[in-house]
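Labels run A, B, C, D and E following the written order; every chain starts at residue 1.
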Amino acid sequence: MRFIFKTSYAQDIRLAKHGGHVFWYSLLCLVLIAAPFVAPEYWLAQLTFVLIYAIAGLGLMLLAGFTGQFSLGHAAFLGVGAYTQAVLTGMGWPFFLSLACGAVLSAAVGVVVGLPALRVKGIYLGIATLAFGFIVEEGFARWESVTGGNAGKSVMPPQLFGHALETTEAFYFLCLGLAVVCTLAILNLLRSSTGRAFVAIRDSEISAQSMGIHLAYYKTLSFALSAALAGIAGALYAHKMQFISPDQFNILQSIDLLLMIVIGGLGSVHGAFLGAIFLILMPQLIALGKDFLPEAIGQAPGLQAVIYGAVLITFVLFEPMGLYGRWLKIRTWLQLFPFYRKGMFKRQKSFQKSDRLK
Amino acid sequence: MSAEVLLEARNLSVRFGGLLAVNDVSFDVRRGEVFTLIGPNGAGKTTVFNLISRIYTPTSGAIDYVGPKGRLALTDQPAHQVAGLGIARTFQNIELFEHASVLHNLLIGRHTQRETGLWADMLFTPRTRAAEIRAREKAEEVIDFLDLQHYRDTLVAGLPYGVRKVVEMARALCTEPQLLLLDEPSSGLNVEETDDMAFWIQDIRDELGITVLMVEHDMSLVSRVSDRVLAMNQGQVLAMGTPHEVQTHSGVVEAYLGTIDDVSNLRRPEGSAAALEVRA
Amino acid sequence: MNAVLQTAPDAEPVLRLQNIESSYGPIKAIRGVSLQVRRGEIATVLGSNGAGKTTILKTISGIIDPRKGSVHFKGDNITAHDPAAIVRRGLSHVPEGREVFPLLSVRDNLLMGAYTRPDRDAVAKDMETVYGYFPILDERKDQDAGLLSGGQQQMLAISRALMANPELILLDEPSLGLSPRLTKEIFEIVVRINRERGTTILLVEQNANMALNASDYGYVLENGRIVMEDRCAVLREKDDIKEFYLGMKADSVRGERRWKKKKTWR
Amino acid sequence: MQFVQLLVSGIAQGCIYGLIALGFVLIYKATETVSFAQGELMMLGAFAGLVLMQVLGMPFWVAVLASIAAVAAFGVLLERVVIRPILGQPAFSIVMLTIGIGYVLRGAITMIPGFGTETHTLPVPYKDQVMQLGSLVLASEQLVVIGATLLLCAVLYVMFRYTRLGVAMQASSQNQLAAYYMGIPVQRLNGLAWGLAAAVAAIAGLLLAPITFVHANMGFIGLKAFPAAVVGGFGSLPGAIVGGLIIGVIESLSGFYLPEGFKDIAAYIVVLLMLMVKPNGLFGEKLRKKV
Amino acid sequence: QAAQGVSKDTLTVGTIQDLSGPLAGFGKQARMGMQLRVDEANEQGGVNGRKLVFKSEDSGYDPKRAVLAAQKLVNQDKIFAMVGHIGTAANVATFPVLFPKNVINFYPLTGAREMFEEPNLRLKYAFSVPYYDQARTATPRLVKEKGAKKVCTIYQDDEFGLEVMRGAEDGLKTIGMELAEKTTYKRGATDFSSQVAKMKAANCDFVVMGTVIRETIGTIGESRKTGFSPTFLGTTASYTDLIHKLGGKAMDGLYATMAVQVPYLDEASQPIRFWANKYKTKFNEDPGVFSVYGYQIMDNFIQGAQRAGANLTADSFIKAMDGMSIQPDMFGSDTLSYTATKRLGTERSRLSQIQDGRWKVVSDYFK
């Protein structure tokens, strides 16, 4: 176990808490920068998807994991970002300008969705966002002049300072850069008063309010930020897919996003990334693995859904803290190595209390 | 004691369905005093607190408050502004942020004093950094003041009831209030801890210059620290005055204190106790 | 103290804890607690904040599974049994912090207290009895329990436990948030139930004065360990108890010099 | 006449939503979680009925009862195996769990060779009969749904309102800890609640089968039942029915009188409007924490 | 330079099917149809000595998953061609993955015009007549035949349905008529009462259906119930045996455009019967019309590859395909032929009608 003796306040605020952090994160950066030069194209494309989903995951994590507001319609924000990007770059706008527009528009939609959140909670909010998701999806399908309707819309490669970014590598770096920026922004928020206000709302609205936290403002802000991140992710998604259609932003996509942060580990920034890795890798692993299964099972339709569900169930049952929680345990175990005690991570009996009153 | 009025409630009433929980209550709290509300259970004390912190809106009546920007009608303020006006409170049933550490709870208490907005926070500008450090300094002051050093990094969920009461008070102090509302600060504390609480309340008034409005059932604490006491019963004012005056008021004794003070009558009569003496 | 455990009492105590150790995750809350409560007696556990009193009660009623040690109730080992099963054996627990059913009416809350009892008539009679103890509950019987004031909820929590007509009641700070008058009444009721129905009671209470007067036998808990136990009559006379739990001290001394005297148990 | 016919069709469709919503409300009242697997349990019920009737050749009524019983048993089993271990965790975990269960059930059904991917019809004795009231027509399938929904609602209402069991279920959903302290067998009641909900789902599946056919994705209709439950107020059984009827009727009318596309999202627009006007639905309790 | 997916003794092809989504039933049939033909070919020694390696992936009808699957097939499994990929959006989404790698999109299972139009025309081969053309040609023909006065349409609210609607609209224009009422539903809908009410209120006597299976049955069922009995015309999307198996008696009279026919196990034609029973023995399932599609797709691919010769590359394959005409098979497919600019095998379809609970071909190919 590492003990950190804090000698100054700055130390408490710093992002990397100790030398180990600095070392490991630098290494990670190096690996990510080196990836295009060593990884096969296929895996690089997957990595790009991971980064894109991680950005969306960060947004949803902020909303669900830190502010405690669940959204079952998050794909709508992804869609707003994607369509804005598609339309604007189609008109020849430069990448970053249209990205900013997408994020802002998405945030604006987020504010609108956030409005019911001011009055409803829990399942009601879930259904409100679900409903909103359906309506937005319908909007994409109906507003044919802009979105191309159900026929979908193809997307130009991003234009960066007059150059078209066509290679997988270049686009990967773009995503990597944006992911890093978004992550830093979220980390900064979380260690400052705004982030604390979010967490306070999650834990107890009534005392947050009595601490002077403007519930309506912060909830709306959380929705807006979350939507903006989803919008950015959506824009990148649009470029990566090069073709978007309304049904890519349906309820299943929303559930995927939710699933991602739950499996990653609710309430941790790491979780967004781990969840994204999982979400992208899982279908690939199933696809790779099914060749080794007996024909009757391996080739059966529905196998993927079963595995998907089973993994989700397994996680909720055995690792409610998600991949990140598992990682923390492994790390503690390694650090403590010979002194690890058995019951250490034994789950306490816990008892649910109505969250209708919060 | 200065006679300047900090908070004035006039003819407050609030009705829940058929129940008049607070019925035409008027009182004033003066700057620099400890003002205590007592009364039987269900008298409406907590409801008065909830009216002041704008969780409830009175059916009739008004509350005036002298804030940093002069006198204003508190009843016109939205709930989240109350803290910004310098009114902090604790809750009877403890409402802490369970999944956060004590320090984190206190830092949330600093919310009204925050100096930076969204963008500065997102970029973590030097100003934000400085503000963060200042917030921590202040929180540490409060931690020192209330002897919470030992618990600084513990999650609230794992704290015993008594410590939580103190943490909640600490959080309220972190907002740097003018007026502190304490709902039953000593409930769940033993004599010794209640004793500490008494000292703290006195220090809060004398050293920090914060006016205290509290609800309390422990009469020894009440008489030790209060300057004035208001007794309520069934939503109405029963008596008002110095602790001594109120405690000897016949209505208060009848409804609230009870007449017998000696509790030795609870003891098992000597004879029948014999059956249980096998242990000795 | 050892002698107590060795001399076999005339009958098996209703409740016996042996060397119980419970923890919350890696934090040990109680370490090797042994105590017993005999039939018909009122026992009390005193201790400062965080000493582990609540943890002991929770361990007894199965809410926390102990790491070590055993709990015997009426001679049967009930260590780490399902809480509901333990209640059905005749043990009822008034938890710290009220824990009412906020969206059920007061009456339904009381009925739930009697969940384990099949005879409706007796339940109805007991309901009248508790309404007699706390008339306010009768007045508010159709109100949602979550809307009661703090003290009213406490009354409800106590009444609800009484509705189970148990053999042993665990009371965790019953006087929490009650007015001075009601505090006295509560203790009178507790004593009455003990005397009239012969219900055994294990009491945890911050109001040591009340507790030591109402109880027969007392334990003092510090940092998860029992540091003293004796008949209450004896405990009441001990200097440490007087100073730390009964608040009887030279006011002038402590009042001016704000240092804390070190506790000198054992 | 046109209008009345539309109204009647809307009511019939609304009862279907209401019937499914009943299952949601039931689980919610008893365990305070939202089950996203309800639709899949419904599908399971329909498939069970299908297998019993067509493969095993059971008579209609026997098959119906047997499949309800089987799905109820499956619900109990599900609770025992996957829900109980995490009982007491935040409700959200259980919600995610039910999503997982939904995936598995849907996938597992499709994995059955030559059966799961197909669409089937359930042979019911009252199939294709039409009730004619003047120029109004109502299919017998729909009549049966309406009748069953009302009956089921009444039964469940009485259970939750007046029986000790029902009150205890609500108690354990509101405060598990306290329920344990009262000796309420929380786990057993939970199992019972899941069993009941599964039975309700099975009934819904069997009743729906003649109308929507039996196939692996038939559970998706649950997505329309959510708004129904919310409009009525999630904790209220009569609310579920009323919510279902409102959604059904509005859908039917908007399909006729409004521009294309509105019918499909009418349910969602209604629910959003409702949440703005009455955040807790028509019959939901106004809840506020007292501090 | 050797093409990807071609080795000395193997030829790898891939497909992406919906195996868990709304069209799982069809996806599975198509895959098994292809598998049947692959096995036959391999039993006979493969294609020019190369054994066929057949990889299939599941997209769940979700474009995103289709892209991921395509990336795996193209970049990991190195397929030579993508055959019989199901779904319009899914297909379009995978084009950017396929074409830069010179992978041919062969006979996608969708009737969208993107499948045989620029850009990247070189790598596209399509065989299904677009829904647009099906509706455009069949509607006026049947309307005239039936002497219908008012034509309405009910269609699925997506690109598929829209294509049918547009086809019907344009087809009617050629005979100077127009659609009297248009009504839609969302995929997965179960209640069609207001749609039917709308068409009934418009007094339609002819309904073009941009519907798939359950919706076809639902609409016709609701119509029969409310006493609304126009002529119903569907497309290949509703040409499956499920319609009459599920819908029963009420479905009699429904017309649909089609090409290859449903392989009934007790079919009069001996080769089809033989084929159907072989399929049934192998997969223990009755074949459907999608099994035939799958079989036909793989068969035509093999024909092309065979003809391309030993040196198989995308170019040689394209050259071979463009130079030949594929003759009708036992299921009654039309003659298919391709050129450098025409990448749709045929524009012709024919009509079939349900009579006594069974599809009967009732017309020749027309266009």
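Going forward, a contact is a pair of C-beta atoms (placed from the backbone, for glycine too) under 8 Å apart; a residue touches a chain by one contact, two chains touch by 3 or more.
Nothing here was measured: the structure is a model prediction, and the numbers come from that model.
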Item to check | Those chains which touch chain C and also touch chain A | outcome: B, D
Item to check | Identity of the chain that, by mean CA position, is farthest from chain B | outcome: E
Item to check | Separation of mean Cα positions, chain E and chain A [Å, integer] | outcome: 37
Next on the checklist: What's the distance between the Cα centroids of chain B and chain E, rounded to whole Å?
Outcome noted: 74
Checklist entry - When the C-alpha atoms of chain B and chain D are each averaged to a single point, how far apart are the two points in Å? => result 47
Next on the checklist: Could you work out how far the Cα centre of chain C sits from that of chain D, in whole Å?
Outcome noted: 44
Checklist entry - What are the residues of chain B that contact at least two other chains? => result 46, 55, 91-93, 95
Item to check | Where chain D touches two or more other chains at once, by residue number | outcome: 106-107, 110, 113, 117, 174-175, 177, 180, 216, 261, 264, 287, 289, 291
Next on the checklist: Two or more other chains touching the same residue: where does that happen in chain E?
Outcome noted: 19-20, 24, 27-28, 157
Next on the checklist: Using the touch definition from the top, list the residues of chain E that touch chain D in their complex.
Outcome noted: 19-22, 24-25, 27-28, 157, 182-186, 188-191, 193-195, 197-198, 201, 213-214, 217-218, 225-227, 242, 245-246, 248, 250, 283-286
Item to check | Footprint of chain A on chain D - complex, ascending | outcome: 28, 32, 34, 82, 85-94, 96-97, 99-111, 113, 116-117, 173-177, 180, 216, 223, 226-227, 229-230, 234-235, 261, 264-265, 267-269, 271-272, 275-276, 279-281, 287-289, 291
Next on the checklist: Under the stated contact criterion, what part of chain C meets chain D in this complex?
Outcome noted: 61-63, 82-88, 92-95, 99-104, 108-109, 111-113, 115-116, 146-148, 160-161, 164
Next on the checklist: Applying the document's contact rule, which stretches of chain A touch chain E when the two form their complex?
Outcome noted: 40-42, 45-46, 49, 141, 149-152, 154, 241-243, 245, 247-248, 252-253, 280, 283-284, 287-288, 299-305
Next on the checklist: Considering only the defined contacts, which chain E positions touch chain A in the complex?
Outcome noted: 19-20, 24, 27-28, 31, 56-58, 60, 62-65, 67-69, 71-72, 75-76, 88-89, 92-93, 95-96, 157-159, 162
